[in-house]
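Each in structure tokens, the structures are laid out below.
Look for chain A in each of the two complexes below; its partner is chain B in the first and chain C in the second.
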Partner chain A sequence: MDVGHLPASEFDSAGLEQSLMGAPELNPVPDMVQLLTIDGELRQDGTYSSYVQDLTPEELRGFYRDMFLVRRFDEEATALQRQGELVMWVPLTGQEGAQIGSGRALLPQDYVFPTYREHGVAYTRGLELAQLLRRFRGISHGGWDPREVNFHLYTLVLAAQVPHAVGYAMGMARDRLVDPKLPEAATVAYFGDGASSEGDVHEGMVFAASYNAPVVFFCQNNHWAISVPTEVQSRIPLANRAQGYGFPGVRVDGNDVLAVHAVTRWALERARSGAGPVLIEAFTYRMSAHTTADDPTKYRLSADEEAWLDRDPMLRMEKYLRRQGLADDAFFEELREEGRSMAVRLRENVQQMEAPGFADAFTDVYAEAHPLIREELDAHRRYEAGFADAEPAAGTATPTSREHNA
Partner chain B sequence: MSTTMTMAKAINAGLRAALESHPNSLLMGEDIGSLGGVYRVTEGLKADFGADRVMDTPLAESGIIGTAIGLALRGYLPVCEIQFDGFVFPGFNQITTQLAKMHSRSEGALSAPVVIRIPYGGGIGSIEHHSESPEALFAHTAGLRIITPSNPQDAYWMIQQAVDCKDPVIVFEPKRRYWLKGDVDTTAPTSDPFSAHIVREGTDATIVAYGPLVPVALAAAAAAEEDGRSVEVVDLRSISPIDFDTVTESVRKTGRLIVTHEAPTFGGIGGEIAARVAERAFLSLEAPVLRVGGFHMPYPVAKVEEHYLPDIDRLLEALDRSFAY
Partner chain C sequence: MTEKTFRLPDVGEGLTEADIVQWKVAPGDTVAVNDVIVEIETAKSLVELPSPYAGTVSSLMVAEGDTVDVGTPIISVTVGSAAGSTTPEETPAPASPAAAPVSAPSAAAGDAPRASLTGTGPKPDAVHRRPRRSAPSGTPASSAAQAPEASVPAPSGKPAPSGTAAVQDRATRLIQRVLAKPPVRKAAKDLGINLEDVTATGASGEVTKQDLMSYQAQRESERGSAGGFRFPGSAADDSRIERIPVKGVRRATANAMVESAFSAPHVSIFVDVDASRTMEFVKRLKASKDYEGIRVSPLLILAKAVIWAAARNPSVNATWAGDEILVKHFMNLGIAAATPRGLMVPNIKEAQDLSLKELAVALNTLAATAREGRTQPADMRGGTLTVTNIGSLGIDTGTPIINPGEVAIVAFGTIKQKPWVVDGEVVPRWITTLGGSFDHRVVDGDLSARFMADVAAILEEPALLLG
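The block that comes next holds the complex of A and B.
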């Protein structure tokens, strides 16, 4: 050390080294973890291969099946939006590897805080996919009971769910102080490259590090925050930011479902064991539009999109399965049939979803009785009752099935 | 069993009682542990309940509220301290878009019973961002409940009632009254925290006040009595919901209403009360409802704040105008 340069004295450097332990890369530009090449060849990695070696043929086929069905779901939802059955849709195409790979690393006791594109993760949690569409049909701001599948509601205010995931993880750790017999558990906070610029990601990471919370920050870098490329959000690989908080950051090929699975398993096991948070940057690509209201031709070249076609997460998994003799034409044909019938069921399910009565909107504003809610609901009902003799108009409120508790 | 204590001590005792009765409750905030908070409201609690339950957090309001929401979703009862009124805004997004909506957007499946304590108001001769009254900004957001005690007895019980409530509650604490002493009966709770109290009965006019201005309204009423005017004073206590029944009943009796708060009158709670009273008791009014509050300006510098804050003279002048109408 140069004379005049003093080591920082305010930190317990031994503790810091401890919290960075297990970080595979501390270089300025980290290597990207990849296990499956785009040709479907499985590579060996000293740290991560062990996390996929125990996968059975059934599980390996399952990864492909999950990705296939989720993409089929995505296509059907897009069609439903085009036909006016949904008010909007947020496609996930291209990000199946990042979502299925990470989602399948979760244990039932883990808890997920998604943003609004994590349909694949939702599927791995066992959420009925039609439930996801209630929000996009304009009949609910939520759509499901998060406690049943440990998958929180979608959050549209970017990154607002990140500190929630940290707080929830702090709660999980506290629970085990009271009852050590509870299973070790962790949360996963999903967000994107765009949301990585939000202050809540920073504050969430500060809290997670300070309290050593069992949380995995899972950033899907899909290259585009609507029309703004990742370079505008960050001048360094996003995974590198973890070092600034004092925990490991790993960049993984987000289109390699096996690598994502391995890295996420590693990170979750580490978090659950009490070793603290991890940031995973899944390097992927949003192959479709931001939403059905978006037009990517305004801001990116079709050549760029085509360059990612070869890296499609499903293609390389198919190559791997065929190469290993784990799946044949019959498997893929059966899957296509399964996808078709799933889409038919989904469509029927969605078309049967009815809008709530307007009066239902008063019901859950508060958990406890509230005089203003009661007063306004009563006034609304009196107003509606004034039309009792008139033709019932479509979509107007009828006496609600879910009475306000006031 | 009654004990005399300051409002700061009463809140401290109320928090202590909440920590004792709810093992899943915890305090979070900046400097609330070893220091006991910049106003010493949490003094001694870290020593008695430990750093796990009285948490000195990183200096980040959105992080405090955001992680409190996560803890609440996991079954905990976080009580967050925001150091000063003007510093709540980094957490405004978490409070309004997340905390306030958690119950409704989950269609009742989830609740986030987070309590947020905010010392508010002026009159302490402080610098920028330390003397504001932002309650109307939160009252406009459905899903939040907002209460503000004006005396030690209410402070002791209302903080506990906030912790008991299944909805998120913001407790605006009138910081210039932290040293106000009063009797606290720790055996019998005050009534419903979301109700108004008539703290002085009268027949000729009503002053509605809350938080730091309740003692000012009482002093103005006492001064008016010397002029032969019988003024009723209503301590609103709850800003969301507002107990319009108690306010309306008082106005039906007196016929005149002055609403006072430190916050700017434009877009404020006083305007809401004036509108409701006009809707409910128009024919009982002998004069227009008048507002005595702050002005449409950033909170002024300490050396001139006395001209900004409603005081006895401004209330008496408003009463004169009401009686002269």
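The block that comes next holds the complex of A and C.
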């Protein structure tokens, strides 16, 4: 990436080029794990190939299918935003490989702490994609019950989810001390290259190392923290930071769904077995805008965007599937049709979404019933009933509109 | 068959309006859901809007170039009955965040702009109070519900009921207090200004930052005698020296200038030129229909002259690279510009390929972009030769420092009428001085002189450009 992008008024680029990667002998650029070349050819890796060898043709097609549907979902959500149906949208296009590959490495007992862009991971957890849109439509502070699929609510405060993931992992390890019959489990903290500059990530990593917590730090380095390029955020490769905390750091080709899957499986197994945290840097690229309120043409060159086009994660998986005879035209055509009908259903679903009543805000304040909350809820209901135009049961949450604002 | 109207949405977190740039459909066209119908430009970006409906476009309700408020109907589409079955009646109403909707909509609700999901943009309805049921006994709600009306006294102030007099008095003072936002209030306090003395121009009668600043400026100018050597706002001895951190553009400029001044041996030469014909030429271009809407100035002719002269003397358009000299057979013409962010030298790429009119447009764009402080780093890279227009500030000439990576810079002085000798007689002519600095490692005196003479020749006779 070209340092010449930096607007001189914001960053002092003098001397940046030289110190870009720190002292080279101390901070070599890590080898990037790659199992699938951009031409869709499978490569052998001494450590990681064994983690994808057992994948069945059905599972391999599944990787592509997930990526395809999530991208289709992303396109539809972007269109819905442009039509005024969503307040904003956070596109994920380009990062499907990193998200599906890592998401499919999770076991049901693992717990995910996402940012606000992990639509692909949400999908692999079995969350209905439409639920992700409730918040972006501005009718909910959450949108789903995170306990049902072990997928936490989207966190808009940058990196705030990282200490949560570490604390939760520490808790899971303690739970197993009390009840050894609980399955081994780990948490995954998703964050981006931009969030890696936040203090929360540092604190999280320090605690994770100190307590040997079963947590995988999964950093999607998509090269742009809104308009700030990665090289301004970090003068050494992000994966190298793990060394300073005392746990392994791996850089993986984030647009290679198989490599991401293998590395994440390895890291999760390691964490679950009690060997401690791992930092994974998935080297990928945000092919779209930061959000629908962002215009990337203002800070990056189209030549840079084009350079990533042939590294599209879906492209190389399609090449691989076709080359291995695992998928034919009919497969891809069916998928397109499935995407179309999914988009139609999504659109209908969004347009019919209803905001939960205010009474719903009382439901998840405490884990268990609480007398003070009960009292406040009653007061709220009396207040609502005091309006001349109120319906008899106004403000009462119905079971279907029950909403979680954890 | 139903007619559906699409209203301009807020596509970027809190926008209130957008410009219609280009319609991609016309009445009679068939559109499918998500087909692009229009391109709009918001304060944040250029955005294509996809159609929310499938059907036939029946009318475009706003024109290209219009600035339209969020919520305004912009297109109507006739939706076939079959396709309509899955689509709701109109643009679906944004979900109401309140538990219960406001009572019956007014008759005009169909035409009223709809609030966007973000809560910005025009409001469909004035806020109004939901009526309470007649006082249920035994709950504190009854007094609380009436409290707001009762507790707001008129500013004129009827005698307050005893017991609450002190509270009322305080409330009255608060109500009568001059309105201003906290930072303005703080600034006024720091400057020792009584807000009541300041003329308020805010929308709600509040004193704005601008009001405070102009009051302060006026106060300072009235102080007069102190002249320019007065540090604003303080007379303490230790603050007579102001410390300004060196960063950003200032630092970049400093580094570039030091690098250039102390590595490239500069030679500066000057020439006085009779630019009367240039002035005439500019005047004609301004009047020409072909140049309508394009700002034309003598700088345009100078830029063209520099390109022309550099083509005849290629070595001035070069880079010193230690053991070799890189001569550029293209011209990225840099124009030094004072911008809100400091001195910048954006350049016009491949300027040698531009016609005079294209060059004029490029200069306009470059200047406008620089003025707005939107010059991109890419605009400043790869310059090959620079022009600095010091004449715009009324200066005759100077010895400019070469932009690093280049070997020549031309300073364009002011053009003013001076006595000039023509055929033995003194006549008033439009005279300017051209200054040029050259890197002597690359450009010898002979070459720099020929180059400057060529530039001067064009200013004296722009018609030579035709040759």
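Annotations for the structure displayed:
The definition used in the following text is that the second predicted complex is superposed on the first by the 328 of 406 C-alpha atoms of A that agree within 3 Å, B and C clash if a C-alpha of one lies under 4 Å from a C-alpha of the other, contacts with A are read in each partner's own complex, and residues count from 1 in each chain.
Definition applied: a residue touches a chain if its C-beta (ideal position, glycine included) is under 8 Å from a C-beta of that chain, and two chains touch if they have at least 3 such contacts.
If you're wondering where the values come from, they're calculated on a predicted model, not measured in any experiment.
Of the two partner chains, chain B is the only one touched by A:P371; chain C is not.
In the overlay built on the shared chain, the residue A:P248 is in contact with neither chain B nor chain C.
Touch criterion not met for A:P114: it reaches neither chain B nor chain C.
Within the superposed three-chain model, A:A79 lies in touch with chain C and out of touch with chain B [touch as defined at top].
Contact with chain B, but none with chain C, is seen for A:G142 once the two complexes are overlaid on the shared chain. Look at A:G357: by the touch rule set out above, it reaches chain C but stays clear of chain B. Shared-chain residue A:V157: touches chain B; no touch with chain C. Within the complex formed with chain B, the chain A residues making contact are 113, 140-142, 145-147, 152-153, 155, 157, 160, 162-172, 174-175, 177, 187, 199-200, 203-204, 206-207, 210, 363-368, 370-372.
Put simply, chain A touches chain C in their complex at residues 4-10, 12-14, 76, 79, 81-88, 137-139, 291-295, 297-298, 301, 344, 347-348, 351, 353-355, 357-359, 382-384, 386-391, 394-395. On the side of chain C, the complex with chain A involves touching residues 6-13, 33-34, 44-52, 86, 88, 91-92, 94-97, 99-100, 103, 116-118, 130-133, 136, 139, 141, 145, 247-249, 251-252, 255, 341-342, 376-378, 381. Interface of chain B with chain A (complex): residues 52, 57-58, 60, 62-63, 65-76, 78, 90, 93-94, 97-98, 101, 103-111, 113, 142-143, 145, 165-167, 194, 240-245.
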